[in-house]
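Here it is, the structure in full.
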Amino acid sequence: MSGNTIGVLFRVTTWGESHGAATGAVVDGCPPGIELAEADIQTELNRRRPGRIASASPRKEKDIVEILSGTFQGKTTGTPISLFIRNTDADSSAYEGIKDLFRPGHGDFTYFKKYGIRDYRGGGRASSRETAVRVAAGAVAKKIIAAAGIEVVAYTRALGGINVGFPPGKNRITREDTDGNSLLCPDPEAFRKMELKLAEARHEGDSLGGIVEIVVRGCPPGLGEPVFDKMDGDLAKAIMGIGAIKGVEIGAGFRVAEMRGSENNDPLTPNGFLSNNAGGILAGITNGDDIIIRAACKPIPSIAKLQKTINVHGKAVDLSVGGRHDVSAIPRIVPVCEAMVNIVLADHLLRQRTVSA
Amino acid sequence: MSGNTIGVLFRVTTWGESHGAATGAVVDGCPPGIELAEADIQTELNRRRPGRIASASPRKEKDIVEILSGTFQGKTTGTPISLFIRNTDADSSAYEGIKDLFRPGHGDFTYFKKYGIRDYRGGGRASSRETAVRVAAGAVAKKIIAAAGIEVVAYTRALGGINVGFPPGKNRITREDTDGNSLLCPDPEAFRKMELKLAEARHEGDSLGGIVEIVVRGCPPGLGEPVFDKMDGDLAKAIMGIGAIKGVEIGAGFRVAEMRGSENNDPLTPNGFLSNNAGGILAGITNGDDIIIRAACKPIPSIAKLQKTINVHGKAVDLSVGGRHDVSAIPRIVPVCEAMVNIVLADHLLRQRTVSA
Amino acid sequence: MSGNTIGVLFRVTTWGESHGAATGAVVDGCPPGIELAEADIQTELNRRRPGRIASASPRKEKDIVEILSGTFQGKTTGTPISLFIRNTDADSSAYEGIKDLFRPGHGDFTYFKKYGIRDYRGGGRASSRETAVRVAAGAVAKKIIAAAGIEVVAYTRALGGINVGFPPGKNRITREDTDGNSLLCPDPEAFRKMELKLAEARHEGDSLGGIVEIVVRGCPPGLGEPVFDKMDGDLAKAIMGIGAIKGVEIGAGFRVAEMRGSENNDPLTPNGFLSNNAGGILAGITNGDDIIIRAACKPIPSIAKLQKTINVHGKAVDLSVGGRHDVSAIPRIVPVCEAMVNIVLADHLLRQRTVSA
Amino acid sequence: MSGNTIGVLFRVTTWGESHGAATGAVVDGCPPGIELAEADIQTELNRRRPGRIASASPRKEKDIVEILSGTFQGKTTGTPISLFIRNTDADSSAYEGIKDLFRPGHGDFTYFKKYGIRDYRGGGRASSRETAVRVAAGAVAKKIIAAAGIEVVAYTRALGGINVGFPPGKNRITREDTDGNSLLCPDPEAFRKMELKLAEARHEGDSLGGIVEIVVRGCPPGLGEPVFDKMDGDLAKAIMGIGAIKGVEIGAGFRVAEMRGSENNDPLTPNGFLSNNAGGILAGITNGDDIIIRAACKPIPSIAKLQKTINVHGKAVDLSVGGRHDVSAIPRIVPVCEAMVNIVLADHLLRQRTVSA
């Protein structure tokens, strides 16, 4: 038990269920003296909000964050920062009908098996709602890493089989590029095709998967703690721990399986690395080049199409999941990925400060 | 700092450099009363030994493990188990010539940037030698999970672009199948082609990457701690934290990006799941089905082929890495993957025991 | 940094400043299926409330707890329990005048030195207000240990030099005995003398110290994790970490320094131990006898009497602390001690469940 | 389980049983570039050695430490430091006769109850032998804190009821003073009386308790992490977690219970604090003044005098513990106390480095 905290020095603990009174995060270990206002966090939260992006989500949550502790006169004090979001849009009645069913692809079955009891309303703790406070905590982490010159940009690389037109890896994509459309996809042409795919899937009562790419620029070399708290290990845990993610790769990723050493090794020159197959990480420690991460995102499991499942009594049932559901976890998962990377980097940045004697 | 421990209740701490006096692991949290002998551990270590498999490694390390604490009269006592391997085959003279160079693809550059000092002999702490004691610790973990009916089987799925002939995912492969040849590849035909690829790469002074697949059978539902210590998150960290690994996927993995929800969701019936795209994990908790993990392994960075690099003074140098080096991290990395999965499962099995009130 | 969490499996994280919007605790690792209502927690909180006890405190905080997550239909679900207390009685204006001063005996100076910034209103994070949510979290822990037959009773053993009339150690004192008067002192005669001492000190603008004794009954043998997370070590940390505490002893405590082995050793018989100098703990593990803890509580540092101090510019200042202040941390600290012991026991009870193979 | 590690950033894990093949400590998180030789550690170990001090211990252990990893060319590298002591003087035959008995005052009974199995030879894991490697790890910590100008001096304050002639608290005692005699007692007159007491107790087949005082000088203000990892909390845990310790106090300690605020508060002036009742710690954070700790040490439980106990079958037995046993844990426990304080300070010194933004 006790798995609701991440980080060693920059520690984030989240709490809250989808249809509970509120959700929140406690951020412990944020250095003092950093300017932090609710607006800094709200900006990030708004990017994740359903409804913001008409095509992907019909929901209209309004996540208004409050900072309840840890700041004084606009600055952090070094004490725990309590981030708080009251739930306002929770209509639980829709879940009464399926409270005894295990929705395929969801955590209903596994939570029941683990705990013997579950809050069935809106997915309870397993709901993607929990990721809102991760984004809030990530906004605090962002302040720390930004002060060190580190920038994290995540975007939609693929959706429903449509890929962006540029190769994976190092690039110059900015938030202006990503926020140019509702799918956080920096390739306008791919975006248009993705829109069509989404419309089609929604019409068929189905859902779509995709790929998120995250690029970290300006990260100094030396971050990451061998041999178990390596930078790639911690990033993999943080990203794989997001609900819909089923795969994580760094740099050339799965392509390395077919490469030769002479091709995969990044030559080092007085002007830096000539390639970046390593994705900015060697032996678990950042090498100063861009960190490149890709994550595979499964289709939203809640679909209108009829599915086979069972109920708590083990009886077979046919289920069509109604209600308001996204067709894809993308684009809402994009800022969540960004937040998790922010959190991991802030933690390792602080850890590295203890290395100098 | 302090990244050399993994696990919450079943905790493994490793220490040791490639060419130091010894390497070791301290296993804390092993329940008492389990029969444990050095032979149990040696069996697993022997599978990882270079030289065991003629085609992949010309080295002849002999890793003899000693249990220095934590057992009494052949049984564990609940106190820390100290596993100890003395280094015998370390000839450091070969490293004198390259002590000021950063070998491409290795941790030389990043360790230097992180710590400002490094043991350059044989890769120091970043050497794959460190994984020997992971395998030893994994053998202890295996005792715990075996008692709960859990079995972990890892094997070579791909090497140098050659894939086994059966699809990824659920299967009946046993250790007899994997240990039938020197590459731990359960497909004899693929094995023969891989052998040729290895010979070819060695001849060219180059190296090869590949894919390891790990299957966990008999795992009860309910293991994994949302929301940050999920089973898939912890597995991803454990596997990605192995030196050569650049990608980790669970179940259908990256293929989910192109799937639809109706296709990806595993239907649940009174007789179990009809498919296993989830790879045995839903919402970060095991669902009772087989856990399926694949890891992408980069080619060994030490190659005879000439490479560009720099020295500690920032000057460009051309480098051909001589000495005894494997052509591929496969098959030696296969038991390491298995060990890391054993360790994660043992930890979560113990954590789940605290859930019942 | 990141010191705001206690426990390994039963983990409590607190947040909040004295005059912030709210304070709270996140309890992670509580087993599922336990009946838990706000009333269970409120009962404990009310014992700590200033104003409840006329003689010791002129303040009138009303701490109303809300459970914001982690329960469903009256039972815990295994997910984090967010306990929340809104601040209602915070008048910060009184602190404007002393915002640049370091009050002697308080954390003003050390917080400033540590963080370079501090919330000076009411002691900020260092305020005893933070202990309210510890009591709330302790009420959750109490549910777990009560189910295992463990009972914790704390009371006032000494105040202002007045001691209770019975010897330290094993006894039959119940909550009925302790709650019989406003000082949680089970000896009515001592209570009357303590009352006089308090009145006298208040009249003189001074404050008083005392001793709290905590007795744990029904604790099974076997709890505590050598060699660093011993039961006595963890209890000492938990109790010493309460604001006003300057000493902690177990069993015979400091008296052992003058004892001989033949006198101090508790003889073991088929019917149990013949004495309890060990205070229920041997080699860091509970032995099944009552756990006996005593804690020395310093006088409240906020006094009306004139004191020497300096301001943030290093200039000497004479200070009389006005406002509403308790004369003694006793009795309010008594339920806090009880709560901390509850928390430590719950954590170790869960840890011990992982020992059986 | 898993309680054999202490520290967050400077982490010490110990392993080993009294009569096993060896004992050791893994020190993780030591900054790189620190000069460290075996001789640095051996010096500290020699102070703890039984036999060094004729009057208190008839044993002749020779603890020779080896550094097996984590240093290169005489300097630390930032990787884990493995400290290793082979057992040479272990004659287990003496324990065959009492293997089924629970020696009063020892951990025999509680280890059996906890684990259901125990290594009965020489106390197994609960033996004071384990503290040798704590002293070794403390020597590494000492290097870190010494570089920051911090010095820790521990000495015998009382033994068998004989107290040193100077008051507790701030003083100028040096290691030269403490090492002037075999009891590490800086008061020669008290030392002579203690010697007599020891001789008397040994003659009677009995043992003695005492008090150790530890003074920390040169500690910068700002160390300690509220609200749970406070400096006093962590010190209390570290000291109480030493086998024989039953009480810990800071500064004025238990005397605060009888003090008034006007007397206990340490006035702050432009030239520092006028007194040090706080023992250098306010609100859990160091204030720059000397840290003063006292620990109460119980008499050695192994005595020749006849005692009542039971065996594993619950049958009453009369026991006289033979063999080589110290009459008092003092003076050998003195360097152990020092080591534990070194370890806590090193950890908090590193933690504080992460506070500056």
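Brief remarks follow.
By written order: A, B, C and D. Residues from 1 in each chain.
Keep in mind that, in the parts below, a residue touches a chain if its C-beta (ideal position, glycine included) is under 8 Å from a C-beta of that chain, and two chains touch if they have at least 3 such contacts.
The structure presented is a predicted model; accordingly, all values stated were derived computationally and were not measured.
Contact with both chain A and chain D is made by B, C. Farthest chain from chain B, judged by C-alpha centroids: C. Taking the mean of the C-alpha atoms as each chain's centre, chain C and chain D sit 26 Å apart.
Each chain gets a centre from the mean of its Cα atoms; for chain B and chain D, those two points are 39 Å apart. Chain B and chain C have Cα centroids lying 46 Å from one another. For chain B, residues that reach two or more other chains under the stated contact definition are 1-5, 8-9, 14, 29, 31-33, 78-79, 114-115, 125, 226, 350-351, 354-355. Every residue of chain D that touches chain B in the complex is listed here, in rising order: 1-5, 7-11, 13-17, 20-24, 26, 28-33, 66, 68-70, 72, 75, 77-82, 84, 114-119, 124-125, 350. Residues 1-6, 8, 14, 102, 104-107, 109-111, 113-115, 125-126, 130, 158, 160-161, 201, 206-211, 221-230, 232-241, 243, 245-270, 274, 277-279, 281-288, 296-303, 305, 307-310, 314-316, 351-352, 354-355 of chain C touch chain D in their complex. Here chain B touches chain C in the complex through residues 8-9, 29, 31-34, 78-79, 144, 147, 226, 350-351, 353-357, going by the rule given at the top.
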